[in-house]
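Okay, handing you the structure first.
Should a chain be cited, it is by its letter among A, B, C and D, assigned in written order, with residues numbered from 1 in that chain.
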Amino acid sequence: MTDVSRDEYMAVAASREIRDGDTAFIGTGLPMVAAYLAKATHAPRVNLVFESGIIDPQPVDLATGVGDYRLVHGSTKVAGTFYALSLLQQAKVDIGFLGTAEIDPYGNLNSTVIGPYDRPRVRLPGSGGANDIASMAKRFVVIARLDRKRFVEKVQYLTTPGFLTGPGAREAAGLPGAGPVRVISDRAILGFDPASRRMRVERLYPGATLAEVQEHIAFPIDAAPTLEIEPEPDLHLLRLLRDVIDPDGVYVGRDER
Amino acid sequence: MAQTPSKLVSLAEAAQSVASGASLTAGGFAHSHQPLAFTRELVRQGRSQLTLMSVAECWVAEFLAAAGMLEKVYFSNFMFEGYGRCQRFSKAVEAGTIAVEDHSHFGMVSRLMAAGLGLPFMPILAVSGFEPAAHKAKRLDSPFGNGVVTAVSPLKPDVAVIHAARADRLGNVQLFGTTSVIEEQARTAAQVIVTVEEIVETDVIRRQPELTLLPALMVDMVVHVPYGAHPTGVYGYYDHDAPHLADYYAASRSETDTAAWLDRWVHGLPDHFAYLDTLTISRLLRLRVDPALGYLHEVRHD
Amino acid sequence: MAQTPSKLVSLAEAAQSVASGASLTAGGFAHSHQPLAFTRELVRQGRSQLTLMSVAECWVAEFLAAAGMLEKVYFSNFMFEGYGRCQRFSKAVEAGTIAVEDHSHFGMVSRLMAAGLGLPFMPILAVSGFEPAAHKAKRLDSPFGNGVVTAVSPLKPDVAVIHAARADRLGNVQLFGTTSVIEEQARTAAQVIVTVEEIVETDVIRRQPELTLLPALMVDMVVHVPYGAHPTGVYGYYDHDAPHLADYYAASRSETDTAAWLDRWVHGLPDHFAYLDTLTISRLLRLRVDPALGYLHEVRHD
Amino acid sequence: MTDVSRDEYMAVAASREIRDGDTAFIGTGLPMVAAYLAKATHAPRVNLVFESGIIDPQPVDLATGVGDYRLVHGSTKVAGTFYALSLLQQAKVDIGFLGTAEIDPYGNLNSTVIGPYDRPRVRLPGSGGANDIASMAKRFVVIARLDRKRFVEKVQYLTTPGFLTGPGAREAAGLPGAGPVRVISDRAILGFDPASRRMRVERLYPGATLAEVQEHIAFPIDAAPTLEIEPEPDLHLLRLLRDVIDPDGVYVGRDER
């Protein structure tokens, strides 16, 4: 099957990061699709938590946001924002997903400003739960399309900690979570070298090359010792994505290959 | 406070209690239960130099920014889910006309909670903003030698404005669905104004006390404002009005279009009921939720 | 934890997970929802040197003290409302066989909450115990120069035992009426055991998510134990059994009578259903609540 | 009317301490009766809070304790213990009522132990919410029968702070509440001298004498500058007490005069 879109590769790869029994902190967009996909396949007992205060929903329709009433209906608990976020501090959250405007080689993120903080060129939406998730979830995954303006040597504002300056820096800062484990992009799946904590290329989507990935990243990046090729998603997964979870293609585009 | 037999006031009267220069916090999350009728009334009356101590009440922030009424905003995330960033708010920050102080959600909620619990600080493990400004967050050793926390300082707004499902005249407030940050916002604010879809007898409240979000002792004013969250929604009553939000979002790309939009939907209408009439009843009925689901099943994701 | 498809276990199995020397916290307040079937099973199985980190679970403390199983108790108040102080517990403290550490309610709840929120301390304004022992509470200046607090240290029990109204097999737990300290107790304990009146399908939980006290992610074991709080009550199900409590209270004035009472109601009965049979169904039916009121209207105040 | 019992005087006097619109933290026994009486008469808008987490009940039957289901039914909010107690810290509670095993001239209370803490002669129930109420409620009232073993020069354990060692001591200790305002006993109503913070006799029940009150108190105590006589309660109040609020005389005895 050659008509798998990049979004579909991303959704499937993100879904795979969720283990059965995990408590996963989920935001709008691809993470939501990935979480539904995981729950419908290999991780039926995943507990989904949304920052609006919704725990473990069973939505009939795809939600348009983390506070969407489609999530409230049929959830197992509705509470408030403090409750949901305090689960992170309690070390009850296994995995969180984050998007970003900028990411550096250590997985540090900026979703606050482009330009100086007090008089920015572009004012972005701000941290939201991102800093909390990255600081306190046991692990987190970044979902970001490759772009030399996004994958930068140094973020213009440190919204959300990855590995900070490298090995030992998170521990020194007192951050309870273990940090980023994966960066899921539209051409490859990236990870972090366990020794240097720098980003590396771990898997290429079919058709993508290492050179092409490197070209779209503004900092030097190597391949992992064994650079793999991501297999095409199972037909069953694709059918779930296309027919059940996101039939209108709201979050998972079909066209871009 | 509780000396008055009823806390019911008009929307105009409630809005009048917010002076220029006051600090506000407002309920709501994403496209849900934001007190927008109150916000429109405040814009209609006109205020300046307001401070917003907020978490995710993006639409309140955006409309106040569009009307040029904001001076300072403490916040953690303003994002119109499904649309994009708040345009007028962001432009004002970029132009330097609104000063901001960023937090993570947990940092912001904890700052409100510190004040709400009467504490001079709240300890958290996340490092709010990571390179925290000294006045908002400081690293602090536990006196028991068992760890280090980030202490965040209290934020105490003058007024909290909340939109909820129903209340009695005494100020017992109930809301269905998620409660976002309302509990902490109502606790911390010096004055609490609640607008509601329905006024009910206290006996109705007493039948489901487990649904009460704010007991009367937390509430100063109650305003009866059906569709008071429009164009955001209220769980169990109506869904958010996606086309109306999209219209605003399109207008908000330019200052001129935003001004025209505000003229049409705020300044050009004498009050909330004129606003509802202009929307038309058929439009409002299209937002009515499926009672079995609590949401509008047919809504398009646009 | 969530790897098992169902968390349902037998009462005997659940009790076996509490080892001698373990620290416990138990749900309940006054004569309401104390996990007493679990307590009887633990007494039946026999344990020693238990620690209780408690707030107001007086009956749990009293029965464990009567059985000689307690070594240390952290608590804020043990009082049998309408009867008097806990006799076997108090006698054991007076005899020096149980060590205690006193707190105010807020101090004790805050110590549990500190651990439950993952914090190395919790700031409060009340001065717990007023002349606080250094290991449990310390005066601490706010780093913002805006006040002084009392920092209380975290308490983290090995096991929390909760009795609630209903749960599904995944461990989503609902309770009607007041929730006492269950939220904080379940958060802080390393292992959470919940006994319930009814096991329901997850769909029943999903119909009223606002009633869920503990989501599945907080719970390790679920045990189906109808009348599991007897002789205390469960709101909406049955009231406390005042004559049974009075019988125990009379017996508890002497060590011999207490031993005879324990022989009759605990050691002499193989399991909880034998206990219920001995009580007789007519006695249990007399405790059944008025569904409109949630309590037993005819009960005498004795 | 000469058949008014001491308990009835106490209930009426306690009820009078509640002002309309107050938020009152209420325990079992006489305070509950006093609160119901206040709500039924001069303070219809009093908000009652119970440490079990019940806010503003409207009980049909008299409750046997603060967690009694008679209070849950018809309350305006049910929450948990932390919620109820945190209202004290938030300075939302105007008045609380406390009983005690010992009380000293400054209104300090002991409800913990008689004898040494580690090996007490009598182990009492412990603070419960008493320390929290006395530390943080705007004002509090003690209800205690006169007895030389109860009204003592020095409490054997400081469970609950009154004025501590005297003027300025509460402020120095950082206690947010203003302290005790009244001690309602079975022969007289006592208060505190605003300058010295020591207990004094303010009102005698009909038939009681200052000497008799002093005889039942183990520390020296003077009368207030104007020592008044408590008037007999209004017939309406007595009828409410006897026929409606505590018809079985559970908390308010009829016999002792």
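Rule of thumb we're sticking to: contacts are C-beta pairs under 8 Å (C-beta built on N, C-alpha and C of every residue); 3 or more make two chains touch, one makes a residue touch a chain.
It should be emphasised that the depicted structure is a prediction, and the values quoted were computed from it without experimental measurement.
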Shared chain contacts [chain A and chain B, defined touch]: C
Centroid distance [mean C-alpha coordinates] between chain C and chain B, Å: 39
Averaged-CA centre spacing for the pair chain D and chain A, given as whole angstrom: 57
Junction residues of chain D - those touching two or more other chains: 72, 78, 86, 89, 176
Multi-chain contact sites of chain B, meaning residues that touch two or more partners: 118-119, 124-125, 147-148, 177, 210
Pairs of chains found to touch, sorted by chain label: A-B, A-C, B-C, B-D, C-D
Chain B-touching residues of chain A, taken from the complex the two chains share: 28, 51-54, 60-62, 64-70, 72-73, 78-82, 85-86, 88-89, 112, 118-132, 135-136, 158-161, 173-176, 248, 250
Interfacial residue positions of chain B with respect to chain D in the complex: 1-3, 5, 116-119, 170, 172, 187, 202, 205-206, 209-210, 212, 215-218
Chain D - residues contacting chain B, complex: 20-23, 45, 47, 55-56, 58, 72, 74-78, 86-87, 89-92, 176
Parts of chain B lying in touch with chain A, wherever the complex brings them together: 29-32, 55-56, 75-79, 81-82, 85-86, 89-91, 93-94, 96, 99-100, 102-107, 109-110, 113, 124-131, 139, 147-148, 177-184, 233, 235, 239, 289, 293-297, 301
Chain C - residues contacting chain B, complex: 118-125, 135, 138, 140, 142-144, 146-149, 151, 153-154, 176, 210-211
